[in-house]
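The data blocks that follow each hold one structure.
Across the two complexes that follow, chain A remains constant while its partner is chain B and subsequently chain C.
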Partner chain A sequence: MKNKSPNFGIILFIAIGVVPFAAAFIYALLYSFGVIGVANKGFTTEFWTSVVASGEFFRSFLYSLLIALVAVSISVGGALWSTLKFRKRLEQKFLSFVIYLPLAVPGIVTGFFTFQLFSKGGFFARLSYQLGWITEASQFPDLVNDALAFGIVLSFITMIMPFFVLLFLNVYKNERIEALSVLAQSLGANAKQVTQRIILPILIKKTWVLIVLYFIFLLGAYEVPLILGQESPQMLSVLIIREIKQYDLDKISEGYVFAVMYTLIVSAAAIVLFLPKKRRTYET
Partner chain B sequence: MKPKQTLSWKPFVLSAAVLLILFPFVYLVLLSLASEWRFPDLLPSYFGLRNWATILGSEAGLLESFVSSLLISLSVAMVSTTSGFLISRAVFYHPKKNTLTLLAYFPYILAPVVFAACLSFFFLKMGLFGNITGVIVAQFIIAFPYALLFFSSFWNKKVKSYEDLVATLGGNRWQTYIKVLFPLAKGLLLICFFQTFLISWFEYGLTSIIGIGKVQTLTIKVFLFIKEANYYYGALSCCLLIFPPIVLLYFNKRYVFKKLV
Partner chain C sequence: MSILQKVPFTILSILVILSCTENPSTNDEALKTAPWTEIAQKAEGSTVNFMMWQGSPAINEYINNYVVPSVKEKYNISLKISGGQGPEIVQLVMGEKQANIQSGQVDMVWINGETFFQLRKLNGLWGPFVGQLPNAKHIDMNDPFINTDFQQPVKGMEAPWSINQFAIVYDSARVQNPPKNLQQLTEYLERYPGTFTISNDFTGMTLLKSFMAELGGSPNSLDGPFDEEKYNGLSQKLWAYVNGHKKYFWKEGRTFPKEQSKMGQLYANGELLLVYGFSEGGIEEKVLNGLYPRSTRGYAWKNGTIKNSNYLGVLYNAPQKAGAMQVIDFLLSPEAQLRKANVNGMNSNTVLNIESLSADWQEKFKTVAKRQYGPEMKQLEKNAIAEPAPEYMIRLYEDFRKQVIEK
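Right, the complex of A and B next:
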């Protein structure tokens, strides 16, 4: 007898997990081509042409890409270094709890805190004044809402580096890297060879999907760049929401062009990362 | 001869790291207690419980925001964990499970705020715009793929053989869940509940779009206070936002990473 319940489960999965995404994408696509929308008069490619010609999306994409790349590289590099240097100490009771604390801080709080520290009237500006390094607030360098996105990158690093430290510590333990290192040393490998040929390859190989996922999450981050970003170029999500939520009805369609382009890029990344590959897998 | 003792730099670096991690928490608590802290003063001119006292009153509505955030997050966590667990069984036992998993990644990987902006039309049509139910439904839509993917490795051959054993012994579907599957997945269900609670608790962009400012969760309050340049209330909201997850983390930290690799 056929079991019917899995099919009911699949229907629910499609209804909750697939239909909203498909509906949102189709709505944005139709809006971007002028098929729907209050001020639109029918199918047109003018919004796409206008967006491609303006180049704003590509500038914003490149800007977001660079910020995410710098933040992830520094975070992963720093986390690997911390894991290699402090692994044993980080397993102590007090430290093992303290290192979890940054995970309890949401992006909006990190953005707010970074602003409080690095703005022209912030903590470090006050400290600089008291130390006699500056005589008025405007002399303090632009570290938030700045062109180099210092505040955004710093916030991203403080948000994700602790996560990667914990992740690498966990992989180190689960993959029995300690035992493999001892084995390699007993076979004549030196410390540098153990690090370069055993520890780092295992840590990276086991976590690269999560590293790429975090890169994609940062690419679409909203709260932190909303608080700490500059007017132009803006990070992708901030730009998309600014365009979609503006009062000029003619411009909303262009906002949906941005949304469609972003969705296509992110979906392509998901396909590359998670498309079923024909290779042998093992059950856990 | 005794080997020469060298001073290790590691304890200093670690101490500095601990201070750096604790600094935001201390600073936010101090800022929430402060008032009239103008540039270039290094310390505020008022320091006390005045801001915190407003929580008990309704002036800032923070207590209401805290309660509505809690209500939304608990609802989202409960519904997404339960549905994620039950539906993941159908997905991960399905012959096309790899394709279905890929489909689940699309909403998971997309920025929630962009997702919400593209979905807002449908929420408006369904009368779910600007109310708590709408925010719960919208957050559930982004928490559900996470919960579903979270249980991917639970449904393996071993669990399937347990299910078959229960069926062979005459147990029905209900008994399979109650006596076998739920007890087996107890730890995972707890972590999933915790993680989906945090997804909802930390959510700002999606809530601001679907709630259109009428549903004032704590994250919405923080941003409102930032816009008003009321940093003391902003810090106070941040404290309220941070401390429940810390308590949850303390009890769950040993589970958090078990499922990631």
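Right, the complex of A and C next:
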């Protein structure tokens, strides 16, 4: 009986985590080659050729990559700064409760809030009008559905920065960084050295996996870019859904090509990022 | 058998059971010729699933508080509503066809010509059935705006539910002389920059069809089957016009609203002063709800705007086809159509030929309250044009993205 529970756990993981993913991937792969799909006529590489030739996937991928990178960098940077600067205050009951609140707000709601606040007819535009800073809605800067993806990045930061603050606070406590800092100072290190050599390396090293996972999560985000993004280029998930739901049924398979390409790239990146590190940990 | 062997076997068994479906009803074909009393008898006590767009409070109120209780009371039919429009319906049918599901989740759907074309292509509709409906005798099936959908003959495969015309919508308090042709639109754009755009959806593409018909030189220039040469010539002029003016569009034409509802919000915010839409612009409900200003008015493009019908269809694998037919027949009844015409409610034009009704009903329809803000379809009808072939829409979607959005 004793050795059956781990086996059952693995099987459950495979049944719930691996089989549906693998089945969906195989379905998408077959669809992308026209093997399945009621509007398809059999195996063809035309959808792959067309997607690769159009270059839209690569533009969209690069655009998503940049947005995710900027959002994660600002969120992690902001969270680190907040942790270092306001750690004591953030540990107080009220603030530690308040910081949990944004985590309870779904992405789609955050997207709507951002739109309501920052659109040309939104709260800040109206406030600017009342204060006489602008005389027409069109004079308010382009902050949603804009080329620089300001609205998307802002929403992402709102969604994930509180999480990183909480994470860093916990790591700070669990890794006894306070004690290590005192020790370093007693050995002659100054405040800057303590921050750069002790606090930041420990916080980053202990959380980098989660930082990368959040980056991948933002890369594939859907609701926020759907509400706040522009029509071209679009973030990957929005592009994939658009293609899969398109009017021309003969081209729906192109959406599955996008989905397969995205899955392959993200899976490959995850393998490259996570596997070697794990081995090194075991080696040491 | 070890647990390692047992679990995959159990999972496989569950998947096999889940993939099995009920057998399709063998009497479905007989419904196409059966007497109505037999269909009505079969429909009684059934549960009918209706997939429809639920984005309007007035439509939801009509369906949930009037249609659902009425069909329960009259025919003992439990009508269940699920949300979904064109793409969702098409995705559902494609998925069920792919999985060879003979007894589907949905019985009847509310569709427009775009979805009709897609469903016909997939053989996703069941019929013909309209000829079997008693109330269909009150519909003028010789009306080209009813018997033809996107240049495709309807042939009893879908029942018309409402008829409407595309209208241009503007704020009369801020725009004195709204444009009625492309030349006037140029003048408008120069005078009111940033207040006009084209939504990247069905509504926006419909506007582009009107523009293209004008560039073709007459209201009928896009009639008939798809003509590649004609499309290439006219679309080239169309993209030249749009790209030549997009610096005056909303956000200087760098991006476009994804859908009409977003455009409606922009109009309500005052960012846009000139928008458009079906159902004669959809003005009345939005003004009454306080979304649009009371100074909102609507009109037709001089060369014509698209007039079409929207329809009710029965899906190929509907488990309750008789029930769906009974509900559709009720929706076409003078009683239900009159209620639907209520200016403070769903406010849609009837598809019934009023002259064919009894004097009593004729009187009721003729005394329906008029709209206060939006135009009546009769006022726009002289500028009505038919939907061009569906291929025009496919190409416009594709080329609007390539030639305008991505440039």
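By definition in this document, the second predicted complex is superposed on the first by the 260 of 284 C-alpha atoms of A that agree within 3 Å, B and C clash if a C-alpha of one lies under 4 Å from a C-alpha of the other, contacts with A are read in each partner's own complex, and residues count from 1 in each chain.
Operating definition for what follows: a residue touches a chain if its C-beta (ideal position, glycine included) is under 8 Å from a C-beta of that chain, and two chains touch if they have at least 3 such contacts.
The shown structure was predicted, so the numbers you read here are calculated from the model rather than taken from an experiment.
Trainee: Would you sort A:Gly121 into first (chain B), second (chain C), both or neither based on which partner it touches?
Mentor: After superposing on A, A:Gly121 lies in contact with both chain B and chain C.
Trainee: Contacts for A:Leu213 in the overlay, against chain B (first) and chain C (second): which applies, first, second, both or neither?
Mentor: first
Trainee: On the A-aligned overlay, A:Asn145 touches which partner chain: chain B = first, chain C = second, or both, or neither?
Mentor: second
Trainee: For A:Ala53, decide between first (touching chain B), second (touching chain C), both and neither.
Mentor: Neither partner.
Trainee: Output check: A:Ala179 vs chain B and chain C. Expected answer is one of first, second, both, neither. What do you get?
Mentor: neither
Trainee: Which partner, chain B or chain C, touches the larger number of chain A residues?
Mentor: With both complexes superposed on chain A, more residues of chain A are touched by B.
Trainee: Contact-wise, after the overlay, does A:Ala137 reach chain B, chain C, both or neither (first, second, both, neither)?
Mentor: A:Ala137 sits against chain B and chain C alike.
Trainee: Given the touch rule stated above, what does A:Lys245 touch, chain B (first), chain C (second), both, or neither?
Mentor: Touch status of A:Lys245: both partners.
Trainee: Is A:Phe8 touching anything from chain B or chain C once the two structures are fitted on A? First, second, both or neither.
Mentor: Once the two structures are laid over each other on A, A:Phe8 reaches both partners.
Trainee: Which partner does A:Glu231 reach: the first (chain B), the second (chain C), both, or neither?
Mentor: A:Glu231: touches chain C, not chain B.
Trainee: Using the superposition on A, tell me which residues of chain A are in contact with chain B and, in the other complex, with chain C.
Mentor: 7-8, 121, 137, 226, 244-245
Trainee: With touch defined as at the start, can you tell me which chain C residues reach chain A in the complex?
Mentor: Per the touch definition, chain C meets chain A at residues 3-4, 7-8, 11, 87, 90-91, 94, 97-98, 114, 118, 121-122, 194-195, 200, 251, 254-258, 265-266, 268-271, 393-394, 397-398, 401, 405-406.
Trainee: Write out the stretch or stretches of chain A touching chain C in their complex.
Mentor: Spelled out, the residues of chain A in touch with chain C are 4, 7-8, 11, 15, 19, 36-39, 119-121, 137-138, 142, 145-147, 226, 230-232, 244-249, 252.
Trainee: If we count contacts the way the header does, which residues on chain B are in touch with chain A in the complex?
Mentor: 10, 13-14, 17-18, 21-22, 24-25, 27-28, 31, 39-42, 83, 86-87, 89-91, 93-94, 98-107, 109-115, 117-119, 121-122, 140-141, 144-145, 148, 153, 156-158, 173, 201-202, 204-205, 209, 219, 222-223, 226, 231, 234-235, 238, 241-242, 245-246, 248-250, 253, 256-258, 260-261
Trainee: Which residues, counting only chain A, touch chain B once they are in their complex?
Mentor: 5-10, 12-13, 16-18, 20-21, 23-25, 27-28, 82, 85-86, 89, 95-110, 112-113, 115-117, 121, 123, 125-127, 129-130, 137, 162, 166-167, 170-171, 174, 206-207, 210, 213, 216-217, 220-223, 226-227, 236-237, 240-241, 244-245, 255-256, 259, 262-263, 266-267, 269-271, 273-276, 283-284
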